[in-house]
Amino acid sequence: MRKNGVREIWEGGGKVVNGWLAIPDSISAEVMARSGLDSVTIDMQHGLVEYQAAVTMLQAISITDATPMARVPWNDPIPIMKMLDAGAYGIICPMVNNREECERFVGACRYAPAGYRSFGPARAAMYAGADYAANANSSVITMAMIETAEAMENLEAIMSVEGLDAVYVGPTDLSISLGHAPGTKGASLEPVADNVIAAIDEILSMAAKKGIKTGIQCTSGDGVRDKFQKGFDLGTIAGDLRLLAAGAAADIKAARS
Amino acid sequence: MRKNGVREIWEGGGKVVNGWLAIPDSISAEVMARSGLDSVTIDMQHGLVEYQAAVTMLQAISITDATPMARVPWNDPIPIMKMLDAGAYGIICPMVNNREECERFVGACRYAPAGYRSFGPARAAMYAGADYAANANSSVITMAMIETAEAMENLEAIMSVEGLDAVYVGPTDLSISLGHAPGTKGASLEPVADNVIAAIDEILSMAAKKGIKTGIQCTSGDGVRDKFQKGFDLGTIAGDLRLLAAGAAADIKAARS
Amino acid sequence: MRKNGVREIWEGGGKVVNGWLAIPDSISAEVMARSGLDSVTIDMQHGLVEYQAAVTMLQAISITDATPMARVPWNDPIPIMKMLDAGAYGIICPMVNNREECERFVGACRYAPAGYRSFGPARAAMYAGADYAANANSSVITMAMIETAEAMENLEAIMSVEGLDAVYVGPTDLSISLGHAPGTKGASLEPVADNVIAAIDEILSMAAKKGIKTGIQCTSGDGVRDKFQKGFDLGTIAGDLRLLAAGAAADIKAARS
Amino acid sequence: MRKNGVREIWEGGGKVVNGWLAIPDSISAEVMARSGLDSVTIDMQHGLVEYQAAVTMLQAISITDATPMARVPWNDPIPIMKMLDAGAYGIICPMVNNREECERFVGACRYAPAGYRSFGPARAAMYAGADYAANANSSVITMAMIETAEAMENLEAIMSVEGLDAVYVGPTDLSISLGHAPGTKGASLEPVADNVIAAIDEILSMAAKKGIKTGIQCTSGDGVRDKFQKGFDLGTIAGDLRLLAAGAAADIKAARS
Amino acid sequence: MRKNGVREIWEGGGKVVNGWLAIPDSISAEVMARSGLDSVTIDMQHGLVEYQAAVTMLQAISITDATPMARVPWNDPIPIMKMLDAGAYGIICPMVNNREECERFVGACRYAPAGYRSFGPARAAMYAGADYAANANSSVITMAMIETAEAMENLEAIMSVEGLDAVYVGPTDLSISLGHAPGTKGASLEPVADNVIAAIDEILSMAAKKGIKTGIQCTSGDGVRDKFQKGFDLGTIAGDLRLLAAGAAADIKAARS
Amino acid sequence: MRKNGVREIWEGGGKVVNGWLAIPDSISAEVMARSGLDSVTIDMQHGLVEYQAAVTMLQAISITDATPMARVPWNDPIPIMKMLDAGAYGIICPMVNNREECERFVGACRYAPAGYRSFGPARAAMYAGADYAANANSSVITMAMIETAEAMENLEAIMSVEGLDAVYVGPTDLSISLGHAPGTKGASLEPVADNVIAAIDEILSMAAKKGIKTGIQCTSGDGVRDKFQKGFDLGTIAGDLRLLAAGAAADIKAARS
């Protein structure tokens, strides 16, 4: 089976630089996947992407060595199983608030008896090879998003679910859930509020205790480096929409200067 | 009729900062069009875009004040007329080598008696307003690309074609046509060879003499500013593919530093 | 933040003429949005439209002043949140039968602490402006469909949910649920049965008592005017499919007469 | 081979009521094709439709008895042959100005020795049946558009081309070519200028003399009936865009009255 | 109403040869539907197909006499109702494990009072005819997949749900659920393990007792014939992906021999 | 630069087994490309494929080692250059009848001074690597189709064009052009008529004399093997449409036996 690059990096003690795709197109996906990222995540929650476009994006990513992952729109077996069958090697699941929800998520990623994933890896078996069926359960990465006050209360329970590989921090939703109004400085991808920073520290500690990996959404390469230094195992650089908007704005400013 | 922003800027003596779209998607188009560009050009020649995607991109650009333009794949009435009917306010036509070709191009953009454009502005009349038909000939911008040795020989004849609003320099093709091998430093978007630089100067002089505008493909905002200082009236910043690739590379480098 | 036109009309005491889109295409969407409608609703339940097409339709509607709304296929957070992130300013949710379902629906439309909407308004913030995050909760319109006998029993409880802006009557489903067989005259978009008419009156009365707005599906402009006179605040004219079919049929009849 | 309905009607002495598709979608195409039209033409010239969407529209039309036709964007073998291979049973070709152009058009629709159509009716043979190859030359309908002053001068030569089945009048382009400015009353789909009316009469006379059929673009069923009375064999009712816009406008007016 | 071909064959005592579509394209769908199959099922679970593509595939199938069906991705009212509204005449629902789940599935396919399907058969009424509404409940076929150990325990309860027309066996998932590891010979579409074979026999017996029909996924025409002989009423031949891969492999082998 | 597999096989004295894609979808393209073929050709002439779909198909082929090629719809620089920029490594051009046409075709595939290809390999440089520009002229394969009586008369002139790598025989069109009616046994992909067989022999002889390669369209692997034995360097197995139709028909027959 084609190796899961993220798992390999982690097993080698390394850090994963992750890209983020919100544009529903296979060309922008290929450009991002060829840029040197370790993994590329298709954002089906807040990105403008649904399944049919995501399939062509997975194909584009498959040309490269970047590991294909997907952030699904919700803890729902349909997008989870469909994206796995289409060849995603990792799933980031939003809004996992307690053990039961985490079990539901992880179970959707694992064949019985470890879970309840239905069998039919139509494209995954092409991408991974003929032995996908035998190895999928131990290869596919499961990342539960921790982004609510409720999740913070159930942190240990969530992280104790067998088969969970990592947690992924969504700083904005976590900040909002911890009392900071949307649109304020407190509720941004770069957390500044004390209780949010403390929550993130707690997540890192608990993950270390439970032996699972940690990832976090950032807005820049600098942010990722900082989070790596804090201990995170995976960090997401600016997404494709942000790269386009910021790059164009910088060029326009230079042109008019 | 909705004003043609590029024409307005030019009439006011200003310079046009132009964007470039090679990703066949309406979301990336909207992000680019919202970034503050004066105009946005859909590249149907070397971009990965064909008509059906371009229509949704024109709709996305229409949300903003950026002027929608298209670089057609060839001097062919089909893409020229179809893009005008879909609402493009300017056409950049590649490989215009002599007067006859320029007349063919400009004629495709003008209703009789000025040209031979067929009538049926299905979406253009929505975008522009009910008086589009009466004003299209004087509003739609025609830009002929000067990018071959043959065109250099026919510069005055090309620029003398009635109805031609501007020329647009394609530095790489021009360099190749002037003897510099593809893939060498001589054949890049930022021309360095003497004969190419001289040719570009000649284009600027002849355009000034003929009273038409000039545009040029660049790779950055700095390049556009330089070309503005040289006298160009329109400059194209880094395209969407380049912005994505360069932005991601910079973020990855920072993350790993 | 770009104003929500439907909310503005209602605050000014006016009535909203709403359009209905079942064709999964951005061109037909633009034609409808340009026709003078106050709002245009993408029907993702019974229309032939899913998310990816809906995004391009939202872009097309954004060119105009018509307020973009969506009827989601079910009371499910995935389509609700995805359509809001894509720029819908109002959600019509089918089959809201009791208080708990209504809370689930409204909560999906509101950021914490008012609800559980996840943060990431990728395109909504482009459409609305940078202050979308701060104002979305008070701007986005929530309309629960009342279309079952169970909903009639829970009318007051449903309409008491905080954050619910309006109810929307689905006459056909309501008729079927109240005992009229599908395909009969009793189960049509123009209700004729006494118990359905009585139910609709009850909805209007309860909404007036609770201070929320009312909308209803009609089949023609005449139907909308009649419903306005009855007290409804929003009425939906014939959908795009019906306009096409009826218009073509009339033309054919005339041609052959 | 599945019969060509248009040819059958004409052979029976009847008139053809034709529909017009500018929306690039298979659902709107199916609604139109089911409305009772004799034939449905996909407008690839001024409509917002290109080949890939047109294929799904041809499939939708194939569900019904309406004869599928296409107006190609230009007298170019690529769209002509591709649409025939995809199952179009008739081609309307714009801007046929002289005998040579007409021969080029007709030749693209006929296999050797009658023409130079390349063999490979991938979907046409599915739609028509296994004997398509043997019968295509005598079944596929060729309609040359007469819409310029030059074409009027070459009327007899054009209509003398062997294999041409019909001419199709484009009143707006014809009016513009005959001296009436675009956007004026003189240049509309319902011709009013004397020289245009005279030209149309001349077309009818010459077609009668040459024994070929005649079609014309109209804006309504009434217009088609009038043209039938004048002698035309095929008339096109209001297109899909017009039906939507007019239908919505009428409903809105009624709703607000 | 257009007859449901599968129901007709079953009522006539016949067997149904079913095709399987995993390629999200209307051309491959049309080729399959024209091949002589009794029914064609769009696989939205493990196939690479989502709703918007499925709609064009349903249109393609509608050209032929093959009965259109869909395997939905999960027991969820959204895909079930949307596919029925789009014209599917049968739904195969995965992972039906007990009576309650079966009732939820069947209810989504039936209008009240038999179920809770929402009314709005936008395309189904085109495909079926004006009397669709009155006859849909008795025509649309419901097939619950039996593919888990839990379902085996609840076999009688599941098959006792009113309105359930048939069960459909998913041999691979059933094998995995009964203890055979994915990727082993025990967990294949052609069951070999004793307990799986016994389970399948039990399904056939219970279905016979309950008077409902039975279908099963196979990998070849031979497999279907064998299953017919065992008593199944519907068998699925090799899917489109398998036909392509196997056909190409055979041709390559021959070419290189 | 990524090697051109077809060129490598030929340089090693081997034969190329080529696949043929007429389904406009990236999933079927990936299945075909993974089947073991040496090269895969997207048929944009008689296949149901246009550029935008072809781009996603090229991406799918890029996942594998199969060499991506395209048969363009006509000898026109637009599809030729666009497909090369999108990453095709070979172009098969239909209807090359004489030296001038062959020069026009080959010139469109080569940068100056060898030809007039415009520079901008947006995706080709991603697929091939940074040195694409320098090596494209010597790597990209040009194949002219010989399929008319006129081409037979100009065989030596056509094959003498510098930069032409190979000719490709289209047996059906050649047969029709040589006097065999379409739809007869004489005009099939497996030529039987004496004059066609003689013409094919002549093509092989002339190609040997001129030192260029030869390819031919077949309908099966057996046909390819036979043509290899005759001397052809490339043979095309049954296309995707034929594989699907034949495979389904065989399975249905077995199921019903």
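As written, the chains take the letters A, B, C, D, E and F, and residue 1 is the first residue of each chain.
By our rule, a contact is a pair of C-beta atoms (placed from the backbone, for glycine too) under 8 Å apart; a residue touches a chain by one contact, two chains touch by 3 or more.
From a predicted model like this one, the values you see are computed outputs, not experimental measurements.
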Intersection of the contact lists for chain D and chain E: C, F
Turn needed to bring chain C onto chain F - CA fit, degrees, nearest 5: 180
Winner on C-beta contact pairs when E-F is weighed against B-D: E-F
Centroid comparison with chain A (C-alpha atoms), farthest chain: D
Same-residue or different-residue interface between chain B and chain C, half as cut-off: same
Distance between chain centroids, defined by C-alpha means - chain A, chain D (Å): 52
Separation of chain A from chain F, taking each centre as the mean of its C-alpha atoms, in whole Å: 42
Centre-to-centre distance between chain E and chain C (centres being mean Cα positions), rounded to whole Å: 34
Contacts with two or more other chains, residues of chain B listed in rising order: 22, 24, 27, 31, 34, 48, 50, 52, 55, 123, 241
Contact graph of the chains (line, ring, star, complete, other): other
List of chain E residues in touch with chain F within their complex: 17, 19, 22-25, 27-28, 31-32, 34-37, 48, 220-222, 224-225, 228, 235, 237-238, 240-241, 243-257
Complex contacts: residues of chain A adjacent to chain E: 50-52, 55, 77-78, 81-82, 85-86, 111-113, 116, 118-123, 131-137
Chain F residues within the chain A interface of the complex: 26-27, 30-31, 34, 55-56, 59-60, 62-63, 123, 126-127
Interface residues, chain E side, partner chain A - complex: 22, 24, 45-50, 52-53, 73-74, 76, 79, 94-95, 147, 170, 172-173, 176-177, 179, 181-184, 187, 241
